[in-house]
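Dropping the structures in below, format is C-alpha cells.
Okay, so chain A shows up in both of these, paired with chain B first and chain C after.
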Partner chain A sequence: MFRNNYDNDTVTYSPTGRLFQVEYALEAIKQGSAAVGLTSKNHVVLVALKRNAEELGSYQKKIIKIDSHMGVALAGLAPDARVLSNYLKKKAMENKLIFDKQIQTYKAVLSIADKAQENTQGFGSRPYGVGLLIAGYDETGSHLFEFQPSGSVLEYFGAAIGARSQAARTYLERNLEIIQQETEVEKLIVHGLNALRDTLSQDVELTFKNTTVAVVGKDQEFITYDDEDVQQWLDKLDSVSNARNREEETEENTEENTHETNNEDNQDHPTNEDRMETDE
Partner chain B sequence: MNHDPYYWGRPSDEVYGQYNYNIANAKNVEQHNQNNSNFPKMNTQQPIITGTSVISSKFKNGIIIAADNVGSYGSLMRFNNIERLIKVGSQTIVGISGDISDLQYIQRILDELEIQQEVYDNDGGDFLIAPNVHEYLSRVMYNRRSNMNPLWNSIIVAGFDSEKKPFLRYVDLLGVTYHASTIATGFGSHLAIPLLRNLIPENKDYINVNEEQAKKVIEDSMRVLFYRDARSGEVYSYAVIRLNEETGKIEFEFNKKTKVEDQKWRFAKDIRGYGSTQH
Partner chain C sequence: MKSTNIYLTSIGTGYDLSNSVFSPDGRNFQVEYAMKAVENGGTSIGIKCKDGIVLACEKIINSKLLVPGKNKRIQTVDRHLGVVYSGLLPDGRHFVNRCREESQSFKSIFKIPIPVPNLLDRIGLYVQNYTCYNSVRPFGIVGIIGGIDDNGSHLYMVEPSGSFWGYSGAATGKGRQIAKSELEKLKFDDLNIKDAIKQAARIISLAHEDNKDKDYELEISWCSKEFTNGKHEFIPIELLEEAKKFAEEDEGDEDEDEEEGEGEGEGEGEDTEMN
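This part shows the complex of A and B:
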C-alpha cells in the first residue's frame, strides 16, 4: 500500500537522502490549476486559471492581494494559501505600523519560507500543500518570487506553477527577451495570457469567468481584474484557446462533418489523465 | 475603618486586630507574606543620571545636531564622557537627553534593530532611514508610557526621508511626537530655540539657510547653554548629515570632543540671584 517505509513523516530521511512527504507536498501544487507570473523592469503581472468545482458553483480565488505593493497567486491547496497570505498580510501591516514603511518583497517572502521550512522538520506537522507566486514592487524595483512548501524561494523573471505549467514556462523562455524589454503593461499582460493559454487542456478556453489578472508596478498599486473586468484583456488576444487545439481545430474543420461529432464526443469524455488533473 | 492610603477601607488593626489573609483561602496570601513592602509595584519615578539638552536644525541640504558629553547625578557632574548622539544605519542620528541608563537601553535596542533589519536576510536596498527609526522609537516610547513604565528621555531623530529631504522629528517619554525645522530638548528648548528660530523663523524657511549659518547658530547655542545651563558641559559632539547635490550622495560627518569656543565670562560677575546671599 505504501510507496515505501520512509514517507510517513518529515523527520525521517530515505536512505537516498530524500524527504518524501515534502516531495508529495510539491506534487500537490501540480494538482492545482496554473498560475503564471512575469516581470518587466517596472511591472509584475500575475495571471491564473480559475476552476469551479461544479457548474453551479463559484470560481476559486487564485490571486490574493497582500498590500498595495504586493500580491500572490496560488496553485494547490487553497486553504493553506489563505493561511500563508493572512500571515503575509499581518507582516505587511506590522511593518507599516512599526516602521511607517512598506515591507520589502524579499523579506516578506523569506518570512513565509521560514514558516514553511519549520513544517518540514517536525514529527506532527505537514508541509504546506501550496505553491505561491509572489509579485511585489518596492524601492528595489519589481520582483517575482516562487515559494515552495519545502521552504525554498527563488526569484524569477517569469515563472509558472500548477497543472501543465511546463507549457507556460516554455512560452516564457521563448519570449523572455521581448518580455523583459516590454515597457507597456498591456503587452506584458498579453504575454502572460498567452503563456496561460498554453496550459489549457483541450476542451477549455480562456473566458472572463475562468481567468484572473493582476498587476503591480511603478506608480501602479496592486490591482486584480476578475469577471467582466478581464474581458478587456482577453479582447487583446488573437485566440483564447491554446495553439495545439487551434491546429487540431483547423485540421478538423477542413475534414468532414463526421469528425466534428467525434470532437464533441471528446469534449463530453475528456481523457482520464485530464480528469485527474482538473479535479481538485 | 483604616484611613491609611494603602489600606483604605479595610478594618483598622487597632479595633479588629491584624487582618488574617488565610481567611477564605485568599489567593494573595503568599504575596503578602513574602512582600512586606508597604508600597505597591513601582516603576521609574524619576531619572537618576541625566543628560541635558540636544539641539538640532535643518539647513538647505542637510541637518546638524549637537549634544554635550555630561552625565549629571542631580547637580553633580558625575560623568563627562557620555556620548548622546547615536548613529543608526548610514544616514541617521538619534540624539537623546534625559536618563542615561534608558539612553543605553535605547542604544541597545537600536543596535538590535540594525542587526535585524540591515544584516539578517537583507538582499540590499532595504535600509532603515530616519522616518523608519523615528516611527519605531515612537512605538517603543508610547508602549512604555502606556505600561506606566516610561523611558525617561526626549529624543530627536535626524536624517533624510525617502525623498532625500532633511528630516527632523521629536519623540519623548510620553510618546508625543512632532517635527520642525529646529528642535531642541530640555533647557535647549528655552535657551537655544530662540536663537535657532531667529535663523529659521518658520519651518519652510530652512531652505534659505546654508550649512555654515546653521553651524554657527548651533555653536552659539552650545555656548549660551554652557553659560546658563548648570547641567551642561564644555565639550560636545555634533553631527552633520548633508546631501551632496553634485554626486547625489549623502555625506555623514561626526565630530567628537568639540569645545565651546569664544567664551567671554565678563558678564558673569554681574550675575545675581540663584539662591545666593550676595546682592
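This part shows the complex of A and C:
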C-alpha cells in the first residue's frame, strides 16, 4: 500500500516542497468549533460557538482577553491557545513596561507568528494545533488577524476558522461592503452571529449557553459577553438556527449531519466527538 | 538542481527522507525539495540599475476578505537594505529577522551600516547551516536582497542551499522563467530607476500568467541615492499607479503580437502556504 514517507516530522519536505506535518496541524483547527471575526472602521467583533464535552460539563472557553485593547478567539487545541495567549499577554505587558503604551496589534501578532515558525523548522517540537483570530484596536484603528500554526499571519476585514467555517466566510464575503460601512456595534455583532449561525450543524441552535461574543473598538475596551449577557444579542437575530436553504453543503457537513440525526433531545449537546483535548 | 528526473532517481531510495544526507551521486535532496516550495510561491524580482535597486513581488490574493495594502511581503532589514522572498512566507520572516540581527550586530561592532556583501556573507552562512543537520530543515524560500552602500548599489539572491550570487536582474517564484527572460532583455547600464520601476511592474504582470486564475497585488520598493536618500522604502503611491498603468498598456500590446513562453507550473502546493 502507498505510504506517505514525508509526513513524519516537520523537518522533511515532500518531493513537491510541501510540509505535511504543518498541513496536518492546519487540519487540527477544523476539529475545533467555529469562531468568526469581523471589523468595521471603529470596531472589531469576535463571536464563537462553544462546546461542552458532556451535558453536565461546562463549555470550553473560546475567547481570551489579552489586554484592554486586544483579545483572541481560538479554534483547535485549546491548551496550545493558552500557551500562545499567555505569550501574547507577556508581550503586551512588556510593551507597556518599556514604552508606556499599549502594544500594537500587528506587533503582538507577529511575535506569535515567529514563535510558531520556529516549531516548524526544528526537530523535536510539533507545530501548534490551533488557529487564532486576534482582534485589536490601537492608535492605527481596528484590526483583525488570522494566525495559523504554520506561522502565517494575515490581516482580514472578516475571517472565520474552525468546523464548517467556510459557510461563515461565504456570508462575510457576500456582506463585506455592508459590514464595513456599519457604524453601530450592535449591527456588527448581528452580522457576526449571522455568519456563525451558518456554521451550525442541523439540530444545533445558537443559545446563550453556547455562544460567546466579544467586542473591542473606539472608546470600547475589550469586553466578552457570556451566558445571560449574550441573550440580548441573540434577541436581535431573526432566527437562531441555521438557514435550511443553504446553497452548498461541504462534504464534512453532510457527513456530520448524518451522525447527528439520532440526537434529537438536546441542542447543546454535540454528538460529534470533541477532540480538542486529544493528541491526535 | 532543476532536473526533471528527481522523481525517478530519488523516491524510494531513502536518500531524500532526511536533511543533511547525501545520495550516492552527491545530491542533497531535501535542499532540492525546499527549492520546490519556492517554485510554487508568488513571483519576486529585483532589478539593479545605474542609480539604485528596485524590488517587486506578486502577492497572490486568496480571499477578498484580506485587507488590501497590508500583509506586506517586501521588508526592510536596515535603513539601506530591503528583502523580498518567494516560498514559505513564515520562513521568510525568520530569514528577515536574522538579516536584521546580523545588520544590527555589524553596526554595534563597526559603528557603520553593514555593507551589502557583508550581510550576504553572514546570511549565506546562516542559511547553509540549515542544510547540515537532520534536526532542522532548509529554508523554504529564495530571498532577494538589495541595497545601497558606500560602494554603490547591490543586488543578491540567496537560495535554500545557502549559496548566493550577485545579479543585475534576479527572479524567483512561480513565474521566474518568464521574468528571467524579460529581465535578460533589459539594458541595465542605461536603465534609470524610474524606468526600472515600470519594467518591474510589467515583468510581474507578465509573470502572473503562470498563476492567472488568482488575483494579485503588486508591491514595489526602491532604494536610490537620488530619490530616497539611500533608504529602502516602498515607492510612492503615484509611482505605483503609474507603473501599473504602464504594465497594463504594455500587456495590451503584447497580446496582439506574441504569445509568451510558459513556465513549469507544477502547482499542487497549498495556496495558503505559499505566495
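Convention: the second predicted complex is superposed on the first by the 241 of 280 C-alpha atoms of A that agree within 3 Å, B and C clash if a C-alpha of one lies under 4 Å from a C-alpha of the other, contacts with A are read in each partner's own complex, and residues count from 1 in each chain.
Note that in this section a contact is a pair of C-beta atoms (placed from the backbone, for glycine too) under 8 Å apart; a residue touches a chain by one contact, two chains touch by 3 or more.
In this text the structure is predicted, and so the values were computed from the model without any measurement.
**Student:** Overlaying the two complexes on chain A, which is it for chain B and chain C: clash or fit?
**Tutor:** fit
**Student:** Counting only touches as set out at the top, which of chain B and chain C does A:140 meet: first, second, both, neither?
**Tutor:** It touches chain B, and chain C stays clear.
**Student:** Would you check which partner chain A:100 touches, where first means chain B only, second means chain C only, and both and neither mean what they say?
**Tutor:** Touch partner of A:100: chain B, not chain C.
**Student:** After superposition on the shared chain, which partner residues are touched by A:243: those of chain B (first), chain C (second), both, or neither?
**Tutor:** So A:243 meets neither chain B nor chain C here.
**Student:** Tell me the contact category for A:223 with respect to chain B and chain C: first, second, both or neither.
**Tutor:** After superposition on chain A, A:223 lies in contact with neither partner.
**Student:** See if chain A has more residues touched by chain B or by chain C, and give me that chain.
**Tutor:** For chain A, the partner with the higher number of touched residues is C.
**Student:** First (chain B), second (chain C), both or neither: which does A:120 touch?
**Tutor:** In the superposition, A:120 contacts chain C only.
**Student:** For A:234 in the superposed arrangement: first (chain B), second (chain C), both or neither?
**Tutor:** A:234 contacts neither chain B nor chain C.
**Student:** Is A:110 contacted by the first partner chain B, the second partner chain C, both or neither?
**Tutor:** both
**Student:** Rounded to whole Å, what minimum CA distance do you find between chain B and chain C in the overlaid structures?
**Tutor:** Between chain B and chain C, the minimum C-alpha distance equals 7 Å.
**Student:** Once the two structures are superposed, pull the chain A residues common to the chain B and chain C interfaces.
**Tutor:** Dual-contact residues (chain A): 110.
**Student:** Which chain A residues qualify as touching chain C in the complex?
**Tutor:** It is residues 5-6, 10-19, 22-23, 26, 110, 113-114, 116-118, 120-124, 148, 150-152, 154-159, 169, 172-173, 176 of chain A that touch chain C.
**Student:** Which residues, counting only chain C, touch chain A once they are in their complex?
**Tutor:** Residues in contact with chain A: 6-7, 10-11, 16-19, 29-30, 33-40, 63-67, 70-71, 88-91, 93-94, 97, 130, 134-140, 266, 268-270, 272-273.
**Student:** Give every residue of chain A touching chain B within the complex, in rising order.
**Tutor:** Residues 97-101, 104, 106-107, 110, 138-140.
**Student:** Can you tell me which positions in chain B touch chain A when the two form their complex?
**Tutor:** Its residues touching chain A are 121-126, 128, 131-132, 134-136, 139, 162.
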